Amino acid sequence: MTQLLYILAFVVMAIGLWGILSRRHLIRMIIGFSILDTGIHILLVAIGYRKGGTAPILDEALSKGEALMNAVDPVPSALVLTAIVIGLAVTALMLSFAVRMVQNNPTMNADEHKELKW
Amino acid sequence: MLTSILTKALYTLISFFVILNYSLLLLGTMARVRAKVQGRIGQPVWQPYIDIIKNNARRSGVTHGIMFYLGPVFRLAGGLGTYFFIPVIFGSKIFANFSFSGDVLLVMYFIFFGQLGMALGAGESGHPYSPIGVARGLAQMTAFELPFSLAVIAVAAQYGSFSITEIVAAQQGGWQNWVAFTNPFAMAAGMLAFLGMSMNNPFSIVIAPQEIPIGPPTEMHSSFLGMLQTNRAIFNGAKMVLFMNLFFGGAAHPNIFIALGIMIMKTFLIYLYVVFVGVSFPRFRTEQSIRFFLGVPTLLGLIAVIQQMI
Amino acid sequence: MTEFNELSRQFQISDLKEQRADLHFFHASKEHAVAVLTSLKEKYGYTHLVFFTVVDHLEKNEFHLTYMLHNYEKHHDMGVVVKIARENVQMESIHHLWPAAATYQQEIREMYGVEFPGSPGLYENFALEGWEDIPPMRRDFDTKEYSDKTYYPRPGRESHDPREYMKENLYPGEAETW
Amino acid sequence: MVTPIVIIAAALAMAFLLPVLEKAGKGLIKTLSLLVLAGFFAASLSWVAQILQTGAIISQTAGFKAPVSINLSVSMMEATGLAVIYLVALLSGAFQIFVKKAVWQGKELSLYFALILGLSGLVMTRDLFNLFVFMEITSISLYGLLVSGRDERRFEGGFKYMIAGGLSSAFYLIGVAFLYRETGQLNLDIIVAQSGQANLYLPLLLLTIGILIELKPFPANGWALDVYESADPGTGAVISAMNTTALILVFMKLMPLLQAFGSGIVYAALIIAGLTFFLANLAGIRQTSGRRMLGYSSLAQTGLILFVLLSPSAGLSEERGLSIIASMLRLDTIEVIALALLINHALAKSALFWLTEFLKKDALHKSSEEGDYRGNRGWLIPAGMAVLALTALPPFPGFWAKWAVITSFGAAGNIGGIAVILIGSLLEVYYLFRWFIRTQAHGEDGGDVIAPQVPEDFAPEAAPAPAGLTIKPAWQIFAPALSIIILTSLGLAWAFLSLSGGQELLLLPLAALALYALFDLIALPFAVKNILAMAGLGGYAYLIYGELNNMTLIFGAVFIAGSLVQLFLLFNKRDKRSGLLPFLVMMILSLGNLLVFKSSLGFFFSWEMMTVSSFFLVIRGRQASRASLRYIMFSLAGAFMIMYALADGFRGPLTGLVFAIGLLIKMGAIGFHIWLPGAYAEAEDEVSTFLSSVLSKAGLFILFITAGIYGQTFFPGAGNAFLASIDINAILGWIGVITALAGAMMALFQEDIKYTLAYSSMGQIGYMILAFSIQSHLGWVTALYLAVTHLLFKGLLFMAIAGVIMRTGTRLMYQMGGLIKKMPISFISVLLAIIALSGVPPLTGFGGKWLLYSSLMEKGWYLHAGLAMFSSGVAFLYLFRLIHTIFLGQPKTGMFENIKEAPIWGLIPQAIFMMVIMGFSMFPSLLIKPLQAAVEMVYPAAAEGVAWQGSTVLSSLGYWNGSAVMYVTMGVFLIPLAWLMIVNGRIQKVKQFNIVFAAERPYKPETTHYAYNFFSHYQKALGFLVEVRAERFWTMIRKSTDALGGLVRRIYSGNAQTYAFHIIIFVILFHLLAGGTF
Amino acid sequence: MSDNMNDMDQIQLFNDQGRLLNAGLPDEEKALFCDAAPQVDAPYRGIWEKFLNWARSESLWILGFGTGCGAIELRPLMTSRYDMYQYGVQPRPTPRQAGLFIIGGYASVKTMKRIVRSYEQMQGPKFVLGLGSCTVNGGMYWDSYNTINRLDHYIPVDVYIAGCMPRPEALLAGINELKKLIKEGKGENANKYAENFEWYKRNQKKIIKDWNMPDYNW
């Protein structure tokens, strides 16, 4: 199961990367980027996942000692939350920049946005 | 002290008197030789004297400025100085001149003194032909200076000395000791360079009368010209004595008159060689003569120098 | 002469005269002369201006300007003569056709006083420097008188007819045998 | 005392509050912001003080200890780094608030504080995921800041930045994830402590890659360039100075981890850093856009710092200042070096970015396109100093740091490291100086074309200069000025520490620079300043006199006394000429310091100071942009070679050769001479004389004092005698004589008088090199004799010519003519000088020739002697041409009709020099005996048969009696003169057109004066010797470097996807370099 | 010539101080030429002057003015057939150095200007030899509008050689005649020129209309 998650994460990341590298359309590149992010999030979650583990809520059902043994690691989940927020912010900014780019140079083709080079 | 100074002055006067008369007569004689080659009778041998007297007897003159006035003086000073720094007769006090002041390097560089002064005088005349002639002359000079200096270096290296007296001393004891025979390449280079130095054909582009009427001294006249003619004689004499000393054993004999006779004979032959070459060849252009001097003569000089190096 | 015939249809030209088989002259009017010359040069191959000179016909009170052209292909010379009156004489310049004509015009201006407006260097000295009298090659200019007046003739000079002089002095008595 | 967490909180609070407070008033938020920024800076300084007492500050969050909570830690490195960041933040904030009022509002300030929050967190946090968060905060706030700007292309740049930033954070995050998986920890300290654990290669690789991409490594750095180019300069400064500094500190934080777990990664990063440094500089040389060029420079500097940090041997230096600072701050030497480079880069680069804000046009294509910036000293001085700092010239911290690095590498034998740094630096020097020179080039400066100048008297009212700069009011320049001042004082502090061990004297040039700049600033009249300069030089001479020995005394006389006399010349003109004296005095003092230094650092420091000051003297010339660029390039190339040799400690003949070549470049020897004519000729007329007669001897002096290292043979064991005899001296000898010949030959064909003299100097230097390389008593006496006499007659010539140019307003010789009647005294001094220079007896020049040939013959170098004689003949040609075409021949009517003699102040130093020449000519022993005494230490005269007999000097080959020659010459001159005056009839003085002109009369002096192309026949015969070979060779080098740079920068195609692809390639490359496999 | 030497036209050559007015030169060129008037140089007396005159006569340096047909007769003198060098005569390319001016035939007005200039540029004592009838009385050009008749009205002539053209032998005879004159002390025409400067100038200016040179060419 964990292996499967890892594979899924990497496949998703690869798709995202492929999207960034192969699509000329700005929006599709951003989508690729989002997919890449998602892949990373899956990976993070997968790292924290423990097969058959319980939720990491320390209460009567789960003592401190048991938590270390049985509970799913809560830290990656916390990290994922942060990462998702950040990814969202970046994606939003990217989209807004893309809009401004297209306003200056009305094409969605990334190849046409090469005023800056060399 | 005073006596020695007076004696030196007297010796200098004698030496000057001898070289002046000898050189003037030599010029006259050589003009005759040229005339004979061309099938003419030619001017009297004393014609140079008359010309100098006449030029000095001109009643009027013009000057273009102070350097113009001083130019001929510089020129004559150059000729005289060159002569006075060369020992004429080996072992003679009278004809040792001021050779104690310096060696052959001094003589070589003092030659420039007169040329510079003359060039300045000619330059101030404002006549375009003068600097054209000077430019040609200087350009040609640098070219023959190379084989000449190589020859001098070879001779100096051969005898381990720049001192003319020592070079002459080393050549005593028979003609087989002359540089001409012990170091023939140096002699050859030096004598080819001498052709240029004497400004006879084929290296007479400087004065090229048909093209730039006589070049640097175009504006020179009257006593200025007289002075230049005097210098021409003395300077020629000085150069021939230098070459005699460097390559042909100098002039040495216990009897001063016989020694003078030897000197006269050797320098006469040296000059005769120049004149013969002169009457046989047409004139080179400047770049041709530069190429000439940087060709075979330089090669000979290099051979002479390399001979000394290995 | 085909050239003449063709040109005469357009221009005022006349008096064709054959000097030799390869040399013809004709007269052109002052107004049409340059046009004729242009046609000859451009159309009929007379590309070479051999000379350009003036003859002073004092008796007729006119100058004959003579342009001599040459056709290299036909080896033929064509002289165009333009008669102009001697008073206030002026002619169109042809330096635009042949640059060398400017020099001819300069000389003619100096020697005959014919003006060529627009010709380059027209008033520069040609052979004379600072000439002030009437142009010396005009026939109404008396050169002997001018020389006597200007150049201090040496007194005592005698002039003789060479033929008579030789008869009298060198070969006396043989004259009859001549 | 504030805890680090307060900073985070304060920044966060500001970021949130500012948009709200903006409603209350714009003045309020600006004041508040500045106060808070100043507080940050103060806090960081207070941490430094505290850390010195108590050690690193560790602050916990949320009341727990790590690893449960995130902890912030500030040690010395972080504290100092934060101080730099906060300083730049303060200056940048102030700059934006005051200068760009319209753009910066509450929104931008808010973003700015968010950025500072991110950066502070980056530096302080010890938690890896927290690091990621701060990285993202930084990035996002930067993206936001990018929006404020004018350039429409900034969105495109920002988009690329986001792609790269996103990928980098992706890699980082994956790395963190894996690391967490392997170690179960996110706290840096704890992970390091758990050494010997599982294989952390992959997580660390990804982590490093994540950080590195943000640090813009080659080839994954195209996006950064685009951002630098399109962003607002203020933002550019922020990225380049603050962001980079913080990220380097982060990288340093990770270093222990890398060193503990992944040596392969360190190696890979080292290679990448070196590549980045080198290739960024290479690609930078093709830049025309100033900001993009600064971007390349930033990439390179980042690469350099990383390279130094990662090099195992970079911290070995035991330089005095470095060790003092290290012990003071309780840092490793390597950390001090990195810190110095960081500070140097951050302050200088941010200053430059701010300064580009004032440039009307960013792209500088050709110098002729540009406006005249040189009037604007407020812009020029900080810009120049920033460029100096970036190119690691003294006294800035970069210089000391680079010296420490190079010497460390040298001690460790790391030649490759030295090569990378020096060659890369040379490229950086090239483009930075070219940019700087172009910004202040004259509009009329056409490069190659030498246009005749209009003389001052006739000059029409100067046209209004095209306004290339808009700094109004002048206080706007405060931010770059402040940062440069801080940088300079840090550098000076280090200089003081380094040189405090008895070499404080070496700091005098800087003091002089400051002092005389102050005099300029308070607008003293020039005459007063000049008198003060003379007094200063006199005082300096008194100061160092006690430390001089026989040899240095002679050069002291040349450097100091020679300059002192020539300073009279500067009274020539009345205008204030600010900037002239500071650099001139600085140059002369630096030269003087070359005589008294005590360590190789002291030597190199003085050498570089001399180079810098003379560069600023050259660039003052009206058309000197090309010449000054060449000058600084060749000088620094030479200096770098010297640096290499010093660092290498002269092991073996090859290092000696490199050192010698470094000196030869400075002396303008054949092959390296192409900088020389331009620099000497295009400098101001009064300055040329100092450069040519004084500065040119510096290399010779160093040759003398390092003579011991040139005797090593290349093939010591060779059976062949010829091979066994090849040592550096033999090479030097040939170089010397060929330089002499080539200099003379090239001088021959110049129409520009100053070029003639410049080439002549080159030839004369060639003689000195030749004489030096003889390595005998007589040879050295010759070299010294030539040096002294060259000072005299070349000073004389340049001073006289300065007067002539001042009066005629032209430098082209054929335009002059006949000036002897107008300027007789100048004529006499030129006449004396050329007689002396050409070596014609009886003047002092002949002594040089005589000594030269005697020593050459003693050595057995007959061919050298022959060539030397030939070139002295050629020298005679150009000297005659010089005096003829200027002073003789036909004077020109019209413009030159009312010319007067040169001003008296130009004539006084000439008179002094003339008297000295006459004295030395009459009594050569006055000069030769001290020289012999100087040489005595190394080569005793007795051994080689140089003796004195009365006034006659005897060598083993010949003899020369200067006094006798003088008397005889006077005799043979005066007697004919008297004769001529007696014999002459009536002599009429006539005018210039009274010449026989083939029965005609001349009409124009211009066509009657034979002067143009004077030696055309010589050119026909020997012109092939002076074809422009060296010029072509160096142009070829430049062009191929350019082409290479062009090739490298081709990869930065401008396409966001290509950049992403570069990142992938970079990752693969890095992985391979780190020793990984697939 | 004495008949009209006092018969002066009104051309003012001198100012009150006896300096030449150089009326022919434009103002901007006046500074370029020397404006001094020629002066009489008195000969020495007695045997010394005789000696110098001998030297002058035995060293005659020719300035040949070869625009007329007479120039062709000068050339053979240098050849081995006539060999003038043996008489102390040799050609010289510049007026400054020459002492004998040979006018080779007719002189047009244009040429005359150059003759005057060259003559004045020679240094005294100087001698003039008119070669051919044209220089005597105009010869076959006697009535030309542009050729002078009598050379001695423009520059002083020492010896005329009549003939059209005279042969080289006649030239040698003329040179010998000149030598005799010089030895007798009669070669003082340079002084005569200076003494009668105004008369000569008037004659010259009468024919040379564009006088674009100073009145005396030093």
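Residue numbering begins at 1 within each chain, and the chains themselves are lettered A, B, C, D and E in the order written.
We adopt the following convention: a contact is a pair of C-beta atoms (placed from the backbone, for glycine too) under 8 Å apart; a residue touches a chain by one contact, two chains touch by 3 or more.
Keep in mind the model is a prediction, meaning the values are calculated, not measured.
**Q** Determine the set of chains touching chain B that also touch chain E.
**A** Neighbours common to chain B and chain E are D.
**Q** Could you give the fewest steps needed to travel from chain C to chain D through chains in contact?
**A** 2
**Q** If I rank C-E and A-D by number of C-beta contact pairs, which comes first?
**A** Most C-beta pairs in contact, of the two: A-D.
**Q** Quick check for the class: compute each chain's Cα centroid; which one is farthest from the centroid of chain B?
**A** A
**Q** Quick one: which chain's Cα centre is the longest way from chain C's?
**A** Here the answer is chain A, farthest from chain C.
**Q** Could you give the separation in Å between the centres of chain A and chain B, each centre being the mean of its C-alpha atoms?
**A** For chain A versus chain B, the centre distance works out to 99 Å.
**Q** Between chain C and chain E, what distance separates the C-alpha centroids? Give it in angstrom.
**A** Result: the chain centres lie 37 Å from each other.
**Q** Between chain A and chain D, tell me the centre distance in angstrom, where each centre is the average of that chain's C-alpha atoms.
**A** 50
**Q** Using the average of all C-alpha atoms in each chain as its centre, how far is it in Å between chain D and chain E?
**A** So the centre of chain D lies 72 Å away from the centre of chain E.
**Q** Identify all positions of chain E at which a residue touches two or more other chains, and write them in rising order.
**A** Chain E, residues with two or more chain partners: 34, 39, 41, 94, 96, 218.
**Q** What are all the touching pairs of chains?
**A** A-D, B-D, B-E, C-E, D-E
**Q** List the residues on chain D that touch chain A in their complex, please.
**A** Listed in rising order, the residues of chain D that touch chain A are 129, 132-133, 136, 139-140, 143-144, 152-153, 155-160, 162-163, 165-167, 169-170, 173-174, 176-178, 180-181, 186, 222, 225-226, 229-230, 286, 1049-1050, 1052-1057, 1060-1061, 1064.
**Q** Touching residues of chain E toward chain D in the complex: what are they?
**A** Contact set of chain E toward chain D: 28-29, 31-34, 36, 39, 41, 65, 94-96, 114-115, 117-118, 121, 212-213, 217-218.
**Q** Touching residues of chain B toward chain D in the complex: what are they?
**A** Contacts found on chain B: 56, 58-67, 69-70, 72-74, 76-77, 80-81, 84-85, 98, 100-106, 108-110, 112-113, 116, 119-120, 123-129, 131-132, 134-136, 138-139, 141-143, 145-146, 149-150, 153-154, 156-157, 160-163, 213, 218-219, 222-224, 226-227, 285-288, 290-291, 294, 301-302, 305-306, 308-309.
**Q** Write out the stretch or stretches of chain D touching chain B in their complex.
**A** Residues 818, 820-821, 831, 834-835, 838-841, 846, 849-850, 853-854, 857, 860, 862-863, 865-866, 869-870, 873-874, 876-877, 880-881, 883-884, 888-890, 952, 956-961, 964-965, 968-969, 972-973, 976-977, 979-980, 983-990, 992-998, 1008-1011, 1014-1015, 1017-1018, 1020-1022.
**Q** Going by the contact rule at the top, pick out the chain D residues touching chain E in the complex.
**A** 893, 985-986, 988-994, 996, 999-1001
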